Each structure stands twice: as structure tokens, then as C-alpha cells.
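Look for chain A in each of the two complexes below; its partner is chain B in the first and chain C in the second.
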Partner chain A sequence: MSTISKKICLVGDFGVGKTSLIRRFVEQQFSDQYLSTVGVKISRKTVELEGVKEPEKLSLQMMIWDLEGHTKFKGIAPTYLAGAGGAIIVADVTRQETLERMSEHINLFFTVNPKGFIIIALNKSDMFEEEKIDKLLSNYQFEEEKRVLSTHSTSAKTGKDVDIIFHKLADKMAGLT
Partner chain B sequence: MSLSKNNIADIDNLENLISFSNDRAAKTETDLEALVNLLCDLRLLDKKEKRQGESIPCNENYQSNESATSYEVANGYEYINVSASPVVEAEENPQSKPLSQETQAEVRSKTVGDREDKEDSFCQPTTYDRTPQPEQPTLDHFTSASNIAESASNSIANRSQELNKLALLLLQETEANEPTLEPVLSSTKLTDAHDSLANHDRQESSLAERYSLEKQARENLAQSNLSEGEDENLEESYAAFKRLQTLLLKSELADFSQVIDRFEQKVTNIEYQIHEPTELINLLLPIISELLNRKVAESNESRDAVADSLAPIIDQVIMAKTKENRVAMGTAMAAAMPTAISEQIRNYPTEIGHAIAPDIAAAIKDQIRLNPQAMVEALYPIIHTVIESKREEDIEALSRAIAPLLPSAISQQIRNSPQEIAQAIAPEIASAIKEQIRLDQDSIASALAPEMGRAIKQQIEIERDAMVDALYPVIGSTIAKYMADAIRSINEKIENTFSMEGLNRKIRSKVQGVSEAELILKEAIPFTARAVFLIHKASGLVMSEIQSSGEQKLESDMVAGMLTAIRSFVNDCIAQSGDVSEIDAIDYGNSKIILEVAGYCYLAVVTQGETPQWYNHRVQEALQAIVESYDRLIKSYEGDPTSIPERVHNILEGLVKIKDTSTKDKKSKFTGLLVVGSVLAGLILLPWGYHQYRNAIDRQIEKDTAQRLASVPELAVYRLSINAREGKLRLSGKLPNQELRSKVEQIAKEIAPAYSLKNQIAVQPPPDPVRTAADVKRVTSILNQMNGTAISSQYEAGKVTVKGTVAQVGDAEKITQAFKQIPGIVTVTNTVQLQQFSLPTRIYFELGSTQLKAGDRNKVIQVKAFLNRYPQTDLTIVGHSDTIGNSLENQRLALSRAETVRLALVAEGIDPKRLQAVGTPNPPLGLDSSQPLWLSRCVQFQPISPGFKRK
Partner chain C sequence: MNYYVLDKIFNQPSILRHIEYLIVDKNLHILDISEEVQRFADSPTRVVKANDVREGFPELIGYEDILFAIIQGQQEAFQLKGVARSLGQHSPPLYIDIYVVGDRDEKNYESTLIIIIEDATERMVMEQSLVQRVNEANLLLSALAVSKDYIDKIITSMADALLVTTKTGKIKRVNPAAW
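For the complex of A and B:
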């Protein structure tokens, strides 16, 4: 079994739940406490991917870079994005401006990594009505960008779709799908 | 049997016939006149000719020429028959066209077949459909040309043979003597003939038919001959018929022979005509093409046949024609040439290419030489179209074709007009290079690499400032980094130079051959490398890691990620924009992470203890080695550690397993110094040791000698000093006589025979004791004359004992010295004491009174006399009081009483400086409470001798 490593970044405005998503994915935990990330925090999780064709199992070690959220005073440092194979762009469904700034983040990421992949997480979906979420999902599909894989409504609190977005990105980065 | 197979036989026949006809031609050559006639006859033939006239003379010809096998004869017969039948028909019809048409078709079919055979050698069979058509007009030219005509005449000669055979047939039919048969036969044969040309089976059927007809003729003949019985068998009737025929024909034989003669003449004419074929050709000309056309159009087989028949000769024909009249040939072909060529090119470009290839260059070259302008003009309008279409079609072939010429063409052009080439290439050159880099990254680099150095040098020569500006940001920081390293190490050295510790280290470093800085480091914690990581600069992924065994493993991925983030942070937030600076190391306690950064990766080395300078260099070298070999691999690292070659791991391993190569050098240096040092030490120590050794021996000899001398009784009393030094034994001292002196010398020689003896012992006889005693007495009396000195002396055997008192301390010493000066006095025992003065006089006072009593006047005079006697002596006047009453009052009384006495003595003329008055409330010493009180109310005197005063 071979292991390859990939760097992925979580990008989004401050307080959209990037750290919580990582915590849910890596440690299966959630906390309501808000702790602002300073600079960058790096987590690691190895996921096992089953190749569609190859019988051999492939392990992908995800080096997850939790970047300091975008604020109006300070943007995302492009050097932190460098070398990333993929990114999860996170927005907060309860804050419209975070949704609107996603395209900005997508552009920034693709400027730094033209070959990277992006998956969209509309987080805190547990705090919003379901019908409205469906509408949001259809509004933020970014279909014109082929390297944006899909948009998911996630909840770090309930764990909804959290593993899916990471695994989907992992599959894509490993070149399996 | 197919016609194509037959063809070979035909060709053989044809060839035979050609030679035959040539022979014939040779025979008839002389008969020019007859030819003219023949020409006339030929024209008239159609009109005049009777079939009897033709068929009968043919008979002989046929028989004389008959040489083939029976089967071939049958074939040939059939073939001839078929071909000939139109002639027969032509004879019947007044028009000559059908005949000539057919004949021409025959000729054509052969020539075309021949030609097509030829074409077959390089063409595909499908060309049959097309090639004959363009040939059509050219054929006319062939026929007009004499060469073609000649071969055509050969064909016609063949035709004459066929005519002969026709004659045979006619003869047979004539023999049948059935006039009604002829039209049937001929008409049947005419139709058959066409069929048979196409189909052999049909030929055979027609043959069978013809036989049946013949048979019918014979039957008819038999019927006509009434003398013969119906029931007679066929053979017999036939024989009878023969006989009858002979009978019947005998009368007509003369006519026949006449006809034969005429026919023969005609044949000769024909042959002649064939030899001189212009007329014939002219005759055939209008129809020959049509003949061929018809023949060709008839069916595939017939076309094949025509092609086959023409094939073998057509090339010769063309070649000959070309040789004869190039221009005519050219003109003839010119019209059809473009179409033909274009057609051929369209169908088989490759073949055309192959065919033209060897000559085209020469042709073009020739043309260019002859008329370059024309060539240019001719090519100019199409050349780009040609190239364009070719490129669209097969870009690779075109490039292959052009490739070999390009370099020389370009170099030529560059030589001719470099400026134009430059202008032409200039706009594309950037994108061309970019594209090439995209296709093959290495090529451009390897192409430029060898020139890079010189280019840079050149640029520096041209514009130094620009180069400096370009390199400044990079070189500045690089140099700064190296300078910082160097200065730090220099600083360290300087700081420690002047301390005591530093001096000590300096000496040690000199001795061991290790630098002082390293000694400092060694004094601190020993240096170890815990782990080495090769990290992808952008993503922070670990590409390769080596950790020293036995220690707790570091989380390499996390370390690498955080280091990368820190690096990014520092570069973003701390480093000034435009600066190219890097974190070199992160220190934490005793540990340190050394970071060495290259283009796409960096090395992180986790170390413990003070990092020596050489290790930093080692790290730099390692990274350099990695980057030089695997720069691109590292750049495109995708997270798969297996893509990193084994050598990288080995290089990193070398950094963890530290083996200080520099120590080795220093060791050797150290041993070198040790040798030098020990030699120096030897040079110093050996003489010193020798000297020490010699000294020890000398001391031993001195000791031995002293012991021996002491053991000899008569010498023991004398003090002799023995000094052994540098091979010399020096004896000194005093002995009373020469005998003892030589004895000492003898003993010394026994003990140290190797030493040269220097005997400095003085011989001194002992002084006379009587004289000495007299001297002692005299000295004693002299000394007693000194002030305050009262001594007595006793002399006994060199010893003087002095007793008595002296006034001063120094006098005692003077006395001793004085006695020692006397010869014969060995020791002086001086017990002289310092003399103590006392003045027992006391003056008493009344109770509470400080006034002298009248009777005390004498006592003052005594004191005055004492002071006058010892002018060197001072006097302390001590006043006392009784113990009654107030002690303070007593003290005052005592002092007043002493003062009173002092004043009295001063009044007597004593120097007041010699007098000191003191008071004490205590009674004088030696008085106790039992004695009367008045004894205590007194003044007493204490003389102060000059010796005390001085101290």
C-alpha cells in the first residue's frame, strides 16, 4: 500500500467554521466555543482510498492547513495557499457576505494553484431552514469552473457532509475519479 | 484459353513475323516500281478484288510459312480467321474502311497491350481505364512518325501472314467449291470474330460451327455429285470429291495460278508498302484511333489485349522516336502531358514522386542554370500554394523533405543578407523559444548553457551597471549571509582571545591543531543531528526524511508544515519587499533547526548542541547536490515520496550520521605537531636531564667525600668544604699542616678518580696560647675604659668568656667583636649585661604639704650629683601620696610634690629636659598598709638610661 501526501487548505471568512470542520473531520469533535485561528494551524489525517480500477489500496495523507480567516483588515496570504492540491472554500449560510466572498477566494486559490481542486462547503446548515439551503446550493454551484467539484451544505455540529467533502476532494486529488 | 495468355504466343509470332517481313522487305527492296503499283493497287483493291483471286494465291504462302504445331495452327488459324474475316467482308464491300479499321485495331491492340505491359511495371492495373484515352491523340503522332510506322509495319507484316492464312482458308472454302457457303461463312465469322476476340470459348464454339458448315458443304458437294451413293461413308465420298475436284479444277488451274501470281505481286507490294509505310499509315491514320477506341471500348479483356500487345514495344517506340526527333515527340506529348501527369499525380502521387525524384533535381538545376528568371516566374505563382497544400496534406513529409536543405539555405541567406533574416525571424523568436521550452525543457537550457558564461561576461563588458542591478538583490543577500557567518566566527574568536581561559584555549588549540572556536564548542554540549527533512517549499510536504535512531521520532509532516508556514509568515510579514532573505535557523534551548533554502525545496536539520561551522557547510553542500540533480523532479513533486530517488535519501543520511572529516585532518595535523613538539622537548629535556644527572653524581661525590673525611679522626675536627662541579672537585678550608692536606687530597682522589682535583685547602698552624692570653688581657683593659663598661675575661684553649656590665646595648656586641679579632680565639662567650642605674634617695613631705623641708636640701644636691655623673641619663621624678582621703586630691598632691622637687633641681642648674615629673596616688612599691603613712608621702627618682631612651 502506498501513501502519498497532499496539502489542502481551508479558506473562508473569519468565523465560518473552518477550524470546526477540521476538528469534526480529524477528531470527530465539536465545540461551540469560538477560538480565532492565528496565522495557520496544520492538522493531518490519512484517508484510505479504494481505487476504482486498481486493486491496491491507496492511502492519502491530507496535510490540512487551517488558514486564518479573511477579515476586512486582512486577506488570505497567498503564500499559505502555495503548493496545495485542493481547497475547501467555506462559507456561513447565516451570513450572506461570506457566501458572496467565496468567488473571491476561489479566484485567489486558482491564481496560486491552477491545477488544484476546490470543493464548496456551506457550513452551519443546521442553523438555517432547509428549503432556503436548497436554494443557496443551487445559487452557489460555480459550474463554469471545472475544477470546482461541487457544493455541499455542511454542519460541523451535526457532522453533515463533513466527511463527504474531505473524501471527495481526496479522491479527486489522488486522481481516482 | 484467355487472350492474355495467348499473348505470349502472339508476341512470339509477331517477332517471328517481324523478322520474316524484314527478310521479305530485303528481298523486295529493289522493287520500287512495284511498290508504286502496289500503292495504286491497294487503293484499287477494294473495288477490284475478287475473293477467289485472294484466296487462291494465299494457299501457297500459307503452306510455305506453316511451321507451328498443330494446336497452335488451330489457334493461329482461328485467330487469323477471326481477324481476317473483316478483310473478307471488306473485299465483299466496296468500302475499305472496315478493313483498315480492323487492321488498325489489331495493330493498336498489340501496341497498346505492349505499352500497357510496360506500364504495368510501375502502374497499378486500374490505370487501364484511363491511360489509353490520353494516349489516343499521341497515337496519331506515333503513326505519323516513321519509327512508329516501322513497328506498325511489323504489325502489318503480321497482318500479311494472317492474310496468307486467310488465303488458305479461302482456298479450302474454294476447294469446297460452294459459292453459297461464302456469305454465310463470312457473315457468321464476322460476328464470331468479334466475340472470339473477347472469349475463347466462343471462339471454339464458332470453330465447331465452322466445321459443321464445312461438313455441310461437303455433304452438299456429295449431294451434287450424283455418282456417289448416299450410303457411302464420308471418307470415301470425300476422296471421290477430291478426285472430282481435281478433275474439275484442272481446267481452271491456269486461271488460279494467274490469280496466285497476281496475289503474290500484291503481297509483295504490301510488303513493300509495309517497308515504306507512309502511304499505309496515311491510309490507316484516320481509322487507327477509332479502331483502337473500339477495341478498347469493347470489353475489359480486349482492352487488356490491346494493352498487352502494345506493352512490350511501346517503350522502345517512344525511346526511338525520342531519339530521332525530340522536338516532335515533345510537341506530341506536350498537349497531353499536363493532364496525364496531373491525373497520375492525383492517383498515384508516390509513384510519380519516385519516378521523377532522381531526375527532377537535375532538371530543375538545369532549368535554373539556363533561365533562372523563367523558373522563378514559373514557380512564383504556385509555389506557396504547392507548399501550402503539401503542408496540409502531410506536414511531416514536407518537413522531412525540406529539413536537410534548411541549414545550408538559412546559412546562405544569413550570409547574403543577415539584416533581412533578422527582421524576418525577430517577431517569432520569443514565442518559438517559449514553445520549444514547453516541448522540451532541456533543449533550450542545454543549448544556451555553454554560452551562458561568455554571454554574461560580454554583458558585463557592455554594461556593467545593468548587470549589477540585475544581480544585486540575489548576490547581496547571499553575500550578506556568508559575511554574517564569517563575522560571527571572527567575533567569537576575538571575544575569547584575551581572557585567561582564552589564552589557555589558544595554547591547547595550537597543541591539538584544532581551531579555538571548535574547542569552545567541544567544551559546550556535544553536537548531534537528530533529524533531516527535505521539504517541498510551496506545499510543505516532506519529500525525504532521515531521523537518527534511538531517539523519539519527530512528527515530520507536522514539523515540515509548520516550518513552511513560519517561513511563509516571515517572508510575508517581516522581510522587506524586494528583499530576498530567509530564516537560517530556529533556536530553542540547546536545540536548533537549521534551514537551508533552495529554489523549490529546503532542508531542515534538527540539531542539538552548538552547530559547528563545518556542519553548516556540509548542509549547504548536501542541498546543492540535491538541487543540481533533481531540481525539476522536486519542482513537480506531487506528494508521492516514492518519486524521490534513493540518492537523495543517501545524501540526507550523510547529514545525520555525522562523521567529521575535518577531525581527521586535524588529527594528522596534531600528530605532526606532536612530533615537532616532542623533538623540541627532547632537545630541551635531554641536556637538562643530563645536567641533572651530572649534578646528582656531583652531589653524591661531595657527600661520599665528606663522609670519608669525617670518618678519619684527625680530619674530623676541621671544617672542609667539598665542591664537585663539571668534572672538578674543589676542596677548600683550613688545615694546620701539609700532612693533613695531602691526606684529604688522597681520600678525594680515591672517591672521585675521574675528577680533576683542585685543592684549595690552606695550611694554618695554631696560634700561641700564651700570646693569645696576653692579648685577651690587653683587650679587656682597653674595653673597660669605655663609659659605663665594667667587664672581666677568662681565656682557655681558644675560648674567651666575658662577664660584666655595659652602659649601652651596642657595647656588648663591640666587646664580642673585639675579642674575636684576637688570633687563636675560636669562640667568644659574652655574658655581659646592660647596667641598671638606681637612685635610692627619697624625699618625704608633711601631711597634706607640697613644700620641701629644710633638711631635704642635701638630698637635692645628691640627686644633682648623680645627674652630673651620668650626663647621658635622664630622670623621672615620681610623686606619691598616702592612702587617706580623696584619691583625686591625693593625685594632685603627688604631682605637686614631684613638681616641687623638679623645680628645685632646675633651680640647682639641671637641664629641665632631662627631668620629668609624674604623680600617682598610690604609695611607692614595697610599702604595705602596716608601715607608717608618712613613708608614703614621698618623691622617688627613676633614672632613664641612654640605652632605654634610645629604644
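For the complex of A and C:
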């Protein structure tokens, strides 16, 4: 079996749950305590790629970059994004301003990595009225951007759609879908 | 660059240094290291001569284009600041800054990269504590704004009249139903 390594970045405003999504995906754990990320923290997880036949079995080592969140005093440093094959843009469904700033994050990522792929995670969906989630999802589809793969409502707390977004991005970066 | 000078600065028995270095060739294989550079590595045992530097410092994965540009003299330098190391849940945090500059081996004139690693823990821990306070205050502010908006909507749209007065009976607030 051969392994390839790819870098992916989690980008979004502060406090939207980037670190929690990574922790849920890598360690299957969740904590309610908020600890702000400064600089960058890198986690690794190897996933077996689906749709590859047994003799050519391929796995992907995801180098997951947890970036310090955007605040009004400090933006995302483009240096951190360089060389990434994909990004998960994260927003908090309970904070409108984090949803509105997603376009800015998408543009920044594509400026640095025009050939990269993006998945949108509308996080903390467990704290939002279920009937409003569908409307929110349809409002943030970014269909005009062909390299934005899809938008998901996620919850690091319950685990909803967390594995899906990482696996979907992994498959796309490996050129399988 | 005279590596003897680097050796003289870095490889002397002393207190815990804040700066270490690695020298790598154009294939990113390690040619030389300072004595304690492993303590800054993600996989310390992988940081040995002839190994790929990315095995010990995985944050360099993805930056190959930039590193090769420096080796070829197309870019002067590169820096990556505030990289956190996971040393286990109960270990104290460790942060590093990485600086990369190009150089030429004085014996065979091959292009090399000098990777300087600096301990940035003190600065980043202080930054974390400041950022934590500011972010918590902003999250609280945001939650209060949402809560106020919600309460205002209820008061404005309720069918019952609501009057809030001071102790002396002066009206402070009324809702539309009271008009």
C-alpha cells in the first residue's frame, strides 16, 4: 500500500470550532471548554481512500493545519495557507458575522492556492433550530465557485458530518472523485 | 558560509539554547544538525543525517516549491512563525519559529538550505493568554447582543401591554401594545 501526504487547512473566524472539528476527527473527542489557538497546530491522520481497488490500495496522510482564527485585530496569515491542497472553511451557525466572512476566507485561500479545493462547514448545528438549517445551507452553497465542493452543517459535539467533510476532501485531493 | 562558525555558536555544552539549526541539501535530506535540534522536532528520532527533513519537521510538507525556489536563488528566505508542538496532553506547550535561508557548501559548491529553529514558547504563551481574554470577551458580547435582540423581539411583538417605570412612577420603557 502506498501513502501520499497532503496539507489541508481549517480556516475561519475565532471561536467557530476549528480545533474541535479536528479533535473530533482525529481523536474522536470533544470538550466544551474554549481554548483559543495561536499560531498554528498541525495534526496528522491517515485515511484509506475509497474507490481504489485492492492491488493499488492507497492511503492519504492528512496534515491538518489548525490556524489561528480571524479576529478584527488579526487576519489569517497567507504564509500558513501556502502549499495546501484543500481547506475546510468553518463558520458558527449561531454567529451571523462568521457566516458572512466565509467569502473573504474562500477568496484568500484561492488566491494562495488556485488549484485547491474547499469544503464549507457550518458548525455548531446542534445549537441551532433544525428547521432553519436547510435554509442556511441553501444560502451558503457558493455554486459559482467550482472548486467549492459542498456545504455541510456540522457539529463537533455530536460528530454530525465531521468524518464526511474530511473524507470528501481527501478523496478530491487524491483525484478520486 | 563557514560551518565552523555555526558549530562554534550552536554546538557547545551550555544551558538550554533557544535556537538550533539543520542544513539540508537540494533533495531536502539532512546534511548536518546542531546538537539539540531534535527537541524541536515532531519525530525526534527521524532527525538524523541523510533523512528527509520533512520526516522530523512535517510542517515543511507543502512548502517544497518555496524551499526549491530558495535553493535556486529565486527567493531569499522563508519564515513560519508560531508552530505548536504536541508533546502530550499533560506536557507544557512548545512553540517554534522556523526560518529558512539559502547557502552554498564551501567544499563542493552545492546549494544548501539552512533551517533555523527558534523556541518561541514564551512569546506564544503570552500571546495565547491575551488572545484568550479578548476572544472570550468578544464571544460574550456576541451572545449578549443575540440575547438582547431576542428579548427585544418578544417585547415588541407581544400582545400584552408592558410598561417599565422607575420607583417614582416615571415611565422608562413601553412596548407597542401599550400605545
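Here is the rule we use: the second predicted complex is superposed on the first by the 173 of 177 C-alpha atoms of A that agree within 3 Å, B and C clash if a C-alpha of one lies under 4 Å from a C-alpha of the other, contacts with A are read in each partner's own complex, and residues count from 1 in each chain.
As a working rule, contacts are C-beta pairs under 8 Å (C-beta built on N, C-alpha and C of every residue); 3 or more make two chains touch, one makes a residue touch a chain.
Computed from a predicted model, the values in this text were never measured in an experiment.
In the superposition on chain A, A:S36 makes contact with chain C only, not with chain B. Using the contact criterion defined above for the overlaid structures, shared-chain residue A:T94 touches chain C, although it does not reach chain B.
Applying the stated contact rule after C-alpha superposition, one finds that A:G15 touches chain C and leaves chain B untouched.
When the shared chain is aligned, chain B comes close enough to touch A:S2, but chain C does not.
Of the two partner chains, chain C is the only one that A:T71 touches; chain B does not reach it. Once chain A of one complex is fitted onto chain A of the other, the partner contacts of A:F142 are absent, as it touches neither chain B nor chain C. Of the two partner chains, chain B and chain C are each touched by A:R44.
Residue by residue along chain A, chain B and chain C are tallied for touches, and C comes out ahead. 5-7, 39-40, 42, 44, 63, 79-80, 82-85 are the residues of chain A that lie in the contact sets of both chain B and chain C, per the superposition on chain A.
Listed in rising order, the residues of chain A touching chain C in the complex are 5-7, 14-15, 34-44, 63, 68-69, 71, 73, 79-80, 82-85, 94-95, 97.
Residues 42, 58-59, 61-66, 79-84, 86, 95, 120, 124, 127-128, 131-132, 134-136, 138-139, 142, 146 of chain C are the ones that touch chain A when the two sit in their complex. Of all residues in chain B, those touching chain A in their complex are 536-542, 557-558, 561-562, 565, 568-569, 571-572, 638-642.
Contact residues of chain A toward chain B in the complex are 2-7, 39-40, 42, 44, 61, 63, 65, 77, 79-80, 82-85.
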